[in-house]
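These notes open a run of structures that come right after.
Presented sequentially are two complexes of chain A, the first with chain B as partner and the second with chain C.
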Partner chain A sequence: MNHRFELRVGPVAFRIGSAWRGPVEALRRLYAGYPEPKGICDFTVRLEPERPWRRALRPSIAIRGDFMLPGAAPLSLAHGLLAAEMGMNLQMALGQRRFLLLHAAAVERDGKAVLLTGHSGAGKSTLSALLGERGWRFLGDEFALLDPESGLLHPFPRAVSLKNESLAVFGEVDGARLGPVMAGTPKGTIRHLRPSPDAIARMDVPARPALILFPRFGRDLAPDSRPVGAAEVFVRLTQASTNYVALGRRGFDALSRLVSSVPARALDYSASEEGVRLVEDHRSK
Partner chain B sequence: MAGPLYAADPPGSVASADLEGLTALFHARSGTTHILAPPAPQILRALAAGPADAGEIAARLADAFDLAGEEDAEAAISARLAELEAAGLVWRQSRSGSGQPPG
Partner chain C sequence: MRDLRALVRLLRDPAAAPKVRDWTSLLSAARAESLAGSLAFRLKGLDLPEGVAERLEDARRSAEQGRREALWEAEMARRALAPLGVPIVLLKGTAYAAAGLSAAVGRSIGDLDILVPRDALPRVEQALLAAGWEWVKEDAYDDLYYRRWMHELPPLIHRERDRMIDVHHTILPLTARPTPDAEALVSASVPLENGLRILHPADMIVHCAAHLFADGDLAGGLRNLWDMDRLLSDFSVGGYEFTVELRERSWEHDLIPAVARALRLARALFGTEVDTVLAGRPRLSDRLFIRRLLARDGWGRERRPALRLAFYVRSHWLRMPPAMLARHLWTKARR
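Entry: the complex of A and B
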C-alpha cells in the first residue's frame, strides 16, 4: 500500500492502507488529534483498485481487510473517506471478539451512559451527536462496546456520519471538525463530524450503562416515551448485536446482565430538538 | 399407558436469565438462545432430576405449584414438551435408557 494511516479509537487500533493519497489525507484531517496505536493494530483496512487498471482510470475502490464480505460493491474514489469508514465498520462487525458489539449510539453524563439503538433512520447518529454538543460526552454513534467482564461501555468515538437532512442541524459547529460533503453515495449525501475534543480526550474512560433507549423518528409521530419489557429488550439487543452469537455464553451473560440491570424505554419523536428534550427529561428523572 | 419419556441437558450446560416473567435461556450445546414462557422453564428444571414422562413431570411440578386438574396439567405439559422437543431442548428416551440428545 502506498499510503498509510494508523489511529486508535477507544480500545481499538486500526491501520488503513490505500492505493490513493486522497482517502488517507481526508482521514488524517478528519481524525486530527486522535491517538496513535499503542502497539499492534487490531484491524487492517485496505482500499485498493477494484481491478489493477482502475487505479487511475475511472478509479473504483474495493474495501478489503482482515475480514471481508464477498460481493461488496466498490465505491468511487470521490467517496474514499466513506470507503475507509465502511471498512473500519466491517472489520469491527466481522472481527470484534473482545466486546459485545451493539449497533447503537451512546452518550454519557454524570457517569451514566445512555444507549440509543434502533433501525437505520431512527436518528441515533443525529441524536447522539447533538447531545455531544450539549454537555453530554459522545461515546459513539455506530457501535457500543459492552465489556462482558465489567459490564461497562467502552467509548468508540469515531467520526459521526451525518446524513441528508441532519447535515443542516450542525451548521454552527467549527468547520475544521467537518469532513468533505459526499453527495450521491449509496446512503445519500454524507458528511462526517469529528466528535468534540472532550470526547476524544476521554476515549479511554468507560461508563456504566444507565438507560437503554429505542428512538423512533417520524414526521407524524407524537412525542412519546414508554417502558419496554425486558424480554423485548433482550431480543431487540440480540438483533442489534453483530457478534452476539459468536461470543456464545459470554455474550449471553453480558446481555442478560445489561437487560436485568438497566431500564429501557421507547422514544417517539418528530424533530431532533424534541428527541434531545426527551432524552434530557430522562436524565432529570 | 405411560407417555414418552423425555430427557434434557443437565442444568450446568444451560444458562438462564429472568426477564420479568419470561426466561432467556442459553443452550450451550447448540449455542442458541431461547425465550421461554412458563411453564417451559419449570419443565426443564423438573427434568434436571432425571428423565420423566408428562405424568411424572406433573408430579414433580406439583410439589412447587398448585396444578388444578391433573389430566389437564398432563395435557398442557405434553404440549409444552412437544414444543421443547422441536426447539432441541428436550429429547425422547426409551425406558431402557437409550436415546441421545439431538445434534
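Entry: the complex of A and C
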C-alpha cells in the first residue's frame, strides 16, 4: 500500500497500510518512541477507500484487515487515527488466540496488577490513565492480555482513547503526548494520549493480577466499594472477553484460575478523583 | 507479494520456508484465503525465524478449536435428526474432519453442510426447526428461490450456538446444466461410527470439483483446490481401482469437465499426481482460472477486479438460463 507503519505494543505487532498519508503520519507522531516489531507482524490493518474513486473524491476510510466485520461503517479522512485504532482493536477482538483477551483497563504498582472492567462509560480509560499519571504503571485501557500458561497479565499500552468530558481531566500533560482532537466521530469527541515513557519502556514486563475492580460511574452515585462473588465475577468476565469461547478449554482454565485466586470488588464513584482515591485505598489494604 | 504464488509454493513444498522474505505478507494472504491453519500445520516442526513459529502455533490452536466445534455441531445435528431414520451425509470440511482426512488438517470450517434425500427434506426441516434452528433470511422471494431452484434449503442458524447449517438435497443448483445423480450420492455414501455418513471417496472429489468449477465465482477457490490436492493424495492409495471409480462417477454425475479442470489445476499449482486421461490436455482457459485463483496480494487485498467480475458473471451464467437470470437480477435490483 502507499503508506505503511509498523508498531509493536507489548507482545503484539501490527502492520498498518493506508491509501492516504494523513493517518500514517498521525500514527507516527502519536506512537513516537514505541519499538519496532521483531520480524513478523501479528496483524495487518488496511485503511483504504471504500470504492476506488473515494480516495480523492469525498474520501472515506473503510477499515479492513486480516479480520473484518461485515457492514462496518466507513469513517471520514479527518478521523484517520481513530480508524487505525479501531482497525487494531478489531484484529485483537477477532483474531487474538495466544492470550485470553479481557475488555478491561489495567494498571500495576509494586508488582501487583489491578484490572478495571465494566461497560463502556464506566470510566476504565479515564481511571487507568489518571492512575498512570500518579505513580502507577499503565498497562492498557482497552484490552488486558492474560497469559493462560503463566497466569500473568501482559501490558498492551496502546494510546489511551479519551472521550468527551474526560479530555479536560488531562489538561496538564505534555502536549506532545496528545493526538489531534477529533470532533464528531461516531463516539463523540475523541483525543488520544500516549502513555507515560515508563509504561512504554516496560511494555515487555508482565505483572501478576492482584485485584479485579468493576467501576461504575454516575453523577448521583454515592462512593462505595463492595465485594463481588466469584460466580458473578466469572460470568461478567466471560462477557468481557472477546475470545473466551474461541480459546476453548485454555480460556476456561485461565479464567477459573484468575477468578479463584484474585479478589474482586465493585466500585461506585461520581467523580474521577474519587475513583482514583477508591482504587488507591485498596492498595493500602 | 503481488499474487498468491509464494503461498502456493510453500503449501506444495514446506522445505522452501527459508526462502520466504516477508512472513507478514504471507500470513495476511493465507488468512484472507482461509489457509492459515493448513499452512501452519504444513510448516509444523520446521526451523523458522523468530516470531513466526509462535504465530503459526496460534493458527494451529485456532484450527484445532474450529475442528472441535465443527464436529460438535455435526453431533448436534445428528441428535436432532436421528429419530427420523434418514441417511445424513456430511459434506465438505466437516466430512473431512469426521473422516480424519488430511484435507481437514488445519482447515477452517464454516457452516455445517449436510446432504439428505430430497423426499426427506420437509421432515428434516421440521426436525431442525423444532431443535432450535431458525431461518436466516425472511425474504419471501429468496425463500421461494431457494426452494424452487437451489440444491439446498435456505440457510438455517441455531439460535443459541449461532452456527449455520446448509441442508442439501443435491450438489448443484437445479438450474445448472449438469445434473448430478443425487440418489447415487446418498446410496453410495459410507457410514461413520456415529451413524452419520460421508460421500464415497470418488463422489467426494466430484463434489469438490463441482463446487469449484461448476458453481460459484471461485471466491475462496484456492482453499478448495488445496482440498482437492489433499483428497487426491489420500485416495491415491486406491490405485487403479480408484482411478476407474473416479472416471465412472464423474461421467455418471455429468461433471467430467469440472473434474478434469480440477485435476489439471491441482497438478499445475500443487504438483498433485492425477489421472492424465481424465485430466485431459491443458487448455488455454486454465491460465485464466489460475490467474483468478492467485489474485490476491500480500496485504490480503483482492487483485484483478476485471477478471474477478468476469468469473462472477460466469457463475451466474452457469447457474441459470439467460431469461431466468434476467428475471432474477431484475427482482434483486428492485428491492
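Throughout what follows, the second predicted complex is superposed on the first by the 285 of 285 C-alpha atoms of A that agree within 3 Å, B and C clash if a C-alpha of one lies under 4 Å from a C-alpha of the other, contacts with A are read in each partner's own complex, and residues count from 1 in each chain.
Basically, contacts are C-beta pairs under 8 Å (C-beta built on N, C-alpha and C of every residue); 3 or more make two chains touch, one makes a residue touch a chain.
Since the structure is predicted, the reported quantities are computational estimates derived from the model, not experimental observations.
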item	value
First (chain B), second (chain C), both or neither touched by A:122	neither
Which superposed partner A:66 touches (first chain B, second chain C, both, neither)	second
Partner chain(s) touched by A:41 [first = chain B, second = chain C, both, neither]	second
First, second, both or neither for A:252, with chain B first and chain C second	first
Chain touching more of chain A, residue-wise (chain B, chain C)	C
Which of chain B and chain C A:229 touches, first, second, both or neither	first
Partner chain in contact with A:160 - chain B first, chain C second, else both or neither	neither
Partner chain in contact with A:238 - chain B first, chain C second, else both or neither	first
Overlapping contact positions on chain A, where the chain C interface meets the chain B interface	248
Complex interface listing, chain C residues touching chain A	23-24, 27-28, 31-32, 49-52, 54-55, 58-59, 61-62, 65, 68, 299-301
Contact set on chain A toward chain C in their complex	1, 13, 15, 17, 38-42, 44, 46, 48, 64-67, 97-98, 246-248, 250
Contact set on chain A toward chain B in their complex	229-231, 233-235, 238, 244-245, 248-249, 252-253, 256, 259-260
Touching residues (chain side chain B, partner chain A) in the complex	15, 17-22, 24, 26, 28, 31, 33, 35
